[in-house]
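A, B, C, D and E are the chain letters, set down in written order, and residue numbers restart from 1 in every chain.
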Amino acid sequence: MKKQSARRSTHLAWSALSIVVLVAAWQVAASFSDPRLLPGPGRVGATLVAAGLDGSLFTNIGITLARVFASFVLAMTIGSAIGIALGRVVLLNRFFDPWLILFLNLPALVIIILCYIWLGLTEVAAIIAVAINKIPNVAVTLREGGRALDRDLLEMASVYRIGRWRTLRHVILPQLTPYFMGAVRSGLALVWKIVLVVELLGRGSGVGFVIGSAFQLFDVSTILAYALAFVAVIQMIEFLILQPCERRLNRWRR
Amino acid sequence: MAAMTGLEIEIDDKTYAPLASAPTRRIFDGFQLTVDPGAFVCLLGPSGIGKTTLLNMISGLDTDYSGRIEFRGEPRPRMGYVFQTPRLLPWRTVLENILLPLPSTEAARRTAVNLLTDMGMSDTQDIYPERLSLGMQRRVALARAFALEPDILLMDEPFVSLDETTADKLRDLLIEMLAQRPVTVLFVTHDSRDAIRMASRIIVLSGSPAHAVKDIQVGLSHGERLDKGAIEAFRGRFLAQSQ
Amino acid sequence: TQTSEPLKVGSLKFGTVNWLLDTIAGDKVDVRERVRLERLELASNQATTVALQAGAVDLIVSDWFWAMRQRAEGDSLLFRPYSNALGALMVPRDKGFSSLADLKGKRLGVAGSALDKSWLLLRAFSRNKLHADLADIAEPVYGAPPLLSEQLRLGRLDGVLTFWNFAARLDAAGYQPLIDMDDVLTELGVTPSPPLVGFVWREELLRSKPDQIAAFFRAVSGANQILKTEDAAWERLRPSMSIETDAEFVRLKEYFRAGIPTPWGDAETKAAERLFGILSELGGPELVGPRTRFDPTLFWMPKG
Amino acid sequence: MKKQSARRSTHLAWSALSIVVLVAAWQVAASFSDPRLLPGPGRVGATLVAAGLDGSLFTNIGITLARVFASFVLAMTIGSAIGIALGRVVLLNRFFDPWLILFLNLPALVIIILCYIWLGLTEVAAIIAVAINKIPNVAVTLREGGRALDRDLLEMASVYRIGRWRTLRHVILPQLTPYFMGAVRSGLALVWKIVLVVELLGRGSGVGFVIGSAFQLFDVSTILAYALAFVAVIQMIEFLILQPCERRLNRWRR
Amino acid sequence: MAAMTGLEIEIDDKTYAPLASAPTRRIFDGFQLTVDPGAFVCLLGPSGIGKTTLLNMISGLDTDYSGRIEFRGEPRPRMGYVFQTPRLLPWRTVLENILLPLPSTEAARRTAVNLLTDMGMSDTQDIYPERLSLGMQRRVALARAFALEPDILLMDEPFVSLDETTADKLRDLLIEMLAQRPVTVLFVTHDSRDAIRMASRIIVLSGSPAHAVKDIQVGLSHGERLDKGAIEAFRGRFLAQSQ
């Protein structure tokens, strides 16, 4: 029966230890290889500081983050709605299953090109392209959740006629939490990766743009610096938003 | 006051599909039952005969049968169903569970809290159900059904997992509720004493497909119902050979 | 005094086109020629073609095969050379490779794919010279140019057929061209060797922004002239060239200067037609496109 | 109570209808736009037939499919193991959570480049690169599943001392089925998309390579033809493997 | 034959952490209980007092208490636990559920099938549990515990949801099993008749924290246990005021 804050701080200690070990492993690996090919933490750190000082790091991460955020929200909302509907209504699923498989497996490239061509090389096109890429993934995950719902509770909801909205809110959504959290986590990652491609193919700013350019010059240090900076941001989101959220949502568990 | 609700049940055929290597089970075949408005009907019968199936059909959960089940009085009566397991939402607190089917008014809340208090669970209203003992969860499920002020109350062995004192208290609560509002009750139990103590009519099911082997009007007075001797006597007279 | 609309140019952020555009801006050639340029810098070659298709830019740099294919598909593109520089087959200086024959049984990196134009030409060349297909006697490894350069440096490859700017950097790092695409073309009878890459834009642009186009090309040749003769212009570019060694800088400058194109004339068109013939034979419709015929009207020659 | 085969054939009818509607929608969209940018079904079909006749379609799809399959199996096996372990053992999760987030968010490009550099431009490098990209996604999904396991049943398993292996097989894995199926579906799609990138960057064969080349030529028709051919393969896998599998696994549900 | 297993229980403190806005509940505080090898101990007590908690601690599921629970005889006795809910694996058939804790031998299989037959469930062995009635599921859970031939058998209200005939049959089965092998039984029930009929010792829990308010050795003969009158008399004498 530790206190809340004590638990929080041992948790942080573990994370810190983990990161230290990771960096050490990286350092060891780097010391065995050409610094051009795998620059060590020091070198990447220096690149990071330089990019931070001239401001380009923050601008680019900021821009990318805004795109990630916008398309993530769009994709999660639409994807969850589609997934739950398909998971609950058999006929809908029968009909739309092939569509889902199509969009799930359409290469990102195809969707991105078509979006850019149709909507122009604009911010809106970029965000829609990313969202379209991600929506089927969310839908597929939540559809599984929608199928695995507890029948006892659904029956209870139907006998007590609590209505669609309350059923959704009190009976269905809480059961989907783990699926949703899974979709959020791998979704955030996926969206960010697609944003990179989208930026590579048609934006003149953002981390994807920087990484793409750095790849042309084979500047691994810059690639890693930007990638890690973004990972750090996600790590923060995980700590400050996702985990507290999850703790709250799982409070009821024995 | 709501119109009293009667029930007309006519099940021509209820069969569960044979699944995996299980044999087809025909549960009901030409089963008929008419329940008068305001009656308190107890269903007795061996385990696995189809009592829960019957309640599920009445409640509308199970529609995969041929026949018809009609309500008289209210066409869409308010229904309370105390399932055989508590079926509480584990991610909602006790109070939230009870309030779930109710309108979000202060009155509903007061009713719920009072019910909990009457059931001896006043200090649990903000607890999540998995932190309660099973008997406590059952009481919450009962409270949920009672709070709704149902026209028809289906109860599937509501008083198991409860000690005798608590069960008695709940019986009183139920009887009190029935005295205040007219409710038609279908009450499944394995405890024939329970049945005699409360029912206006006892139906004993048996056989496969199930049919009513006994259909007894219980004409005991209030006083007799409280008297253990009278109950045992009734039991000896009507139910001794039934099971 | 510039009231006209700007000309939108799409280019690779770290591409060589940017050196030209930077020089135009740095030496105020644009002001002199009275053209306003709006630059969209992108991170990959594909991005520039997408930008052109999506109408986000007026003009990009690409190769004329691509443009001709698009033209055959109904997209009326025009082309004007930007650089004569072609790729080269780079090998380590110290391994004693002196001719294609030495590459027998070696691992050979090829930038792009099996359908890369330089690779097809090199194979034709080897069939002429060695009477053997290079794809059979050597082991080709296809990949993105930056990856290939690294593999070569790591010694996992024995040679790399790559684009000129990658070749230049390799040249500075202890590698030499075993064979230049120029020589290959000559051997195959394509003379003068026509430039492959150039500016590509839609015909409409000649109507909507005719003055800007003319002025832009004047500016380009002006900037080329500066880059050809003045070292100071290069010093200004140096920070954005991501140079690691002085040698790299020198090589890039040399290669660039060597590639500054001469005006396109009928001889070039003839050579291009011949090249097209060879390549459509080698690569088939997959390479040039099922509906593509050689179309001399692609090559824009300003009047006068 | 329809017969099994009747049910199967109405199911097929629905799918057929769905695909017909999809193609019709595509035709309509295509007729409003430049055939170069969005070629209609006819044109893409012609490309498909041509590619099929000269055999390149089958070779390339075959090669890509082999790569998809190898990396998929690798990623699912390792990813599930990691996910379940992290979901069940709190300390492991504390320690490895930052690593997971790192690998989850490392751009595909970075992993692919590093793999190619370290292992050469080889088949093994390609498959490992794809697997490394996918493993964290599988792990994240299954970790959520591992956390949401039914505690009652786990307690039963522990009291009856049925051992680790039986617990895993009979108690844990069946509960993870929906998570696993979600991971399989979005996983297959993701793996195929990463294989495309991997082929684009360092292989001279496969669908990714073809699509990459077609993209350089802006040959949308070929891109769509290959993408759709692959989608059709996945659709077959869905029909012939995943759905029967799922039906079997869900037999027990009421 | 296995050594008989006794139990020594000493719980200094068992408290559930206060969660959300629920108050801290101290369930046991200085609770002591010694169970002789081969004893049949019935635990009676109001709902929510801590009976299930006690069984969970004994079974080793709940280790979050201060105190000690020791087994005498076998240090790691084979344990059968009939939980308050059936806890069957829904994705395994009835037979697979029973076989789960057993070695995969033909003998084990025969035992399981025989047990099912004795419980009147011979035709359900290949059915998935969710297709059974609750009473049938409970029987499967009982079969699982019996088939294991446990040294200690913990049973949490095993006979609810069963009709009286079936419950009697199961009681007989249990008694038969106890006659064949020495088993120490802890049996939670709310049915004092059940307790008197079977127990060698009855412990009545009460209060908060819980403590034994009665600890009765039941010295009835086999004949008396079958006699309803004797049972009612015993009930009147010892348990009347208990609840």
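We take it that a contact is a pair of C-beta atoms (placed from the backbone, for glycine too) under 8 Å apart; a residue touches a chain by one contact, two chains touch by 3 or more.
Worth saying up front: this structure is predicted, and the values here are computed from it rather than measured.
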| item | value |
| --- | --- |
| Count of contact steps on the shortest path from chain C to chain E | 2 |
| Farthest-lying chain, centroid of Cα atoms versus that of chain E | C |
| Geometric centre distance via CA averages, chain D-chain C, whole Å | 38 |
| Chain A-chain C separation of Cα centroids, rounded to whole Å | 38 |
| For chain B paired with chain D, centre-to-centre distance based on mean C-alpha positions, whole Å | 49 |
| Overlap residues in chain E, where contacts from two or more other chains coincide | 19-20, 85, 128, 131 |
| Contacts with 2+ other chains: residues of chain D | 37, 113, 117, 215, 251, 253-254 |
| Residues of chain C whose C-beta touches two or more other chains | 46, 53, 144, 150, 154 |
| Residue ranges of chain A touching chain C (in the complex, touch as defined) | 34, 36-37, 113, 116-117, 120-121, 125, 199-204, 208-213, 215-219 |
| Parts of chain E lying in touch with chain B, wherever the complex brings them together | 16, 19-23, 44-48, 51-52, 84-85, 93, 123-124, 126-128, 131-136, 139, 157, 160-167, 190, 192, 243 |
| Residue ranges of chain A touching chain B (in the complex, touch as defined) | 152-153, 155-156, 158-162, 166, 170-171, 174, 249, 251-254 |
| In the complex, chain D residues that touch chain A | 11, 14-15, 17-19, 22, 33, 37-38, 91, 94-99, 101-102, 104-110, 113-114, 117-118, 136-137, 140-141, 143-145, 147-148, 151, 177-179, 181-182, 185-186, 188-190, 192-193, 196, 211, 215, 220, 223-224, 227-228, 230-231, 234-235, 238, 250, 253-254 |
| Of chain B, residues touching chain A in the complex | 56, 59-61, 79-81, 83, 85, 87, 89-92, 96, 100-101, 128, 130-131, 144, 148 |
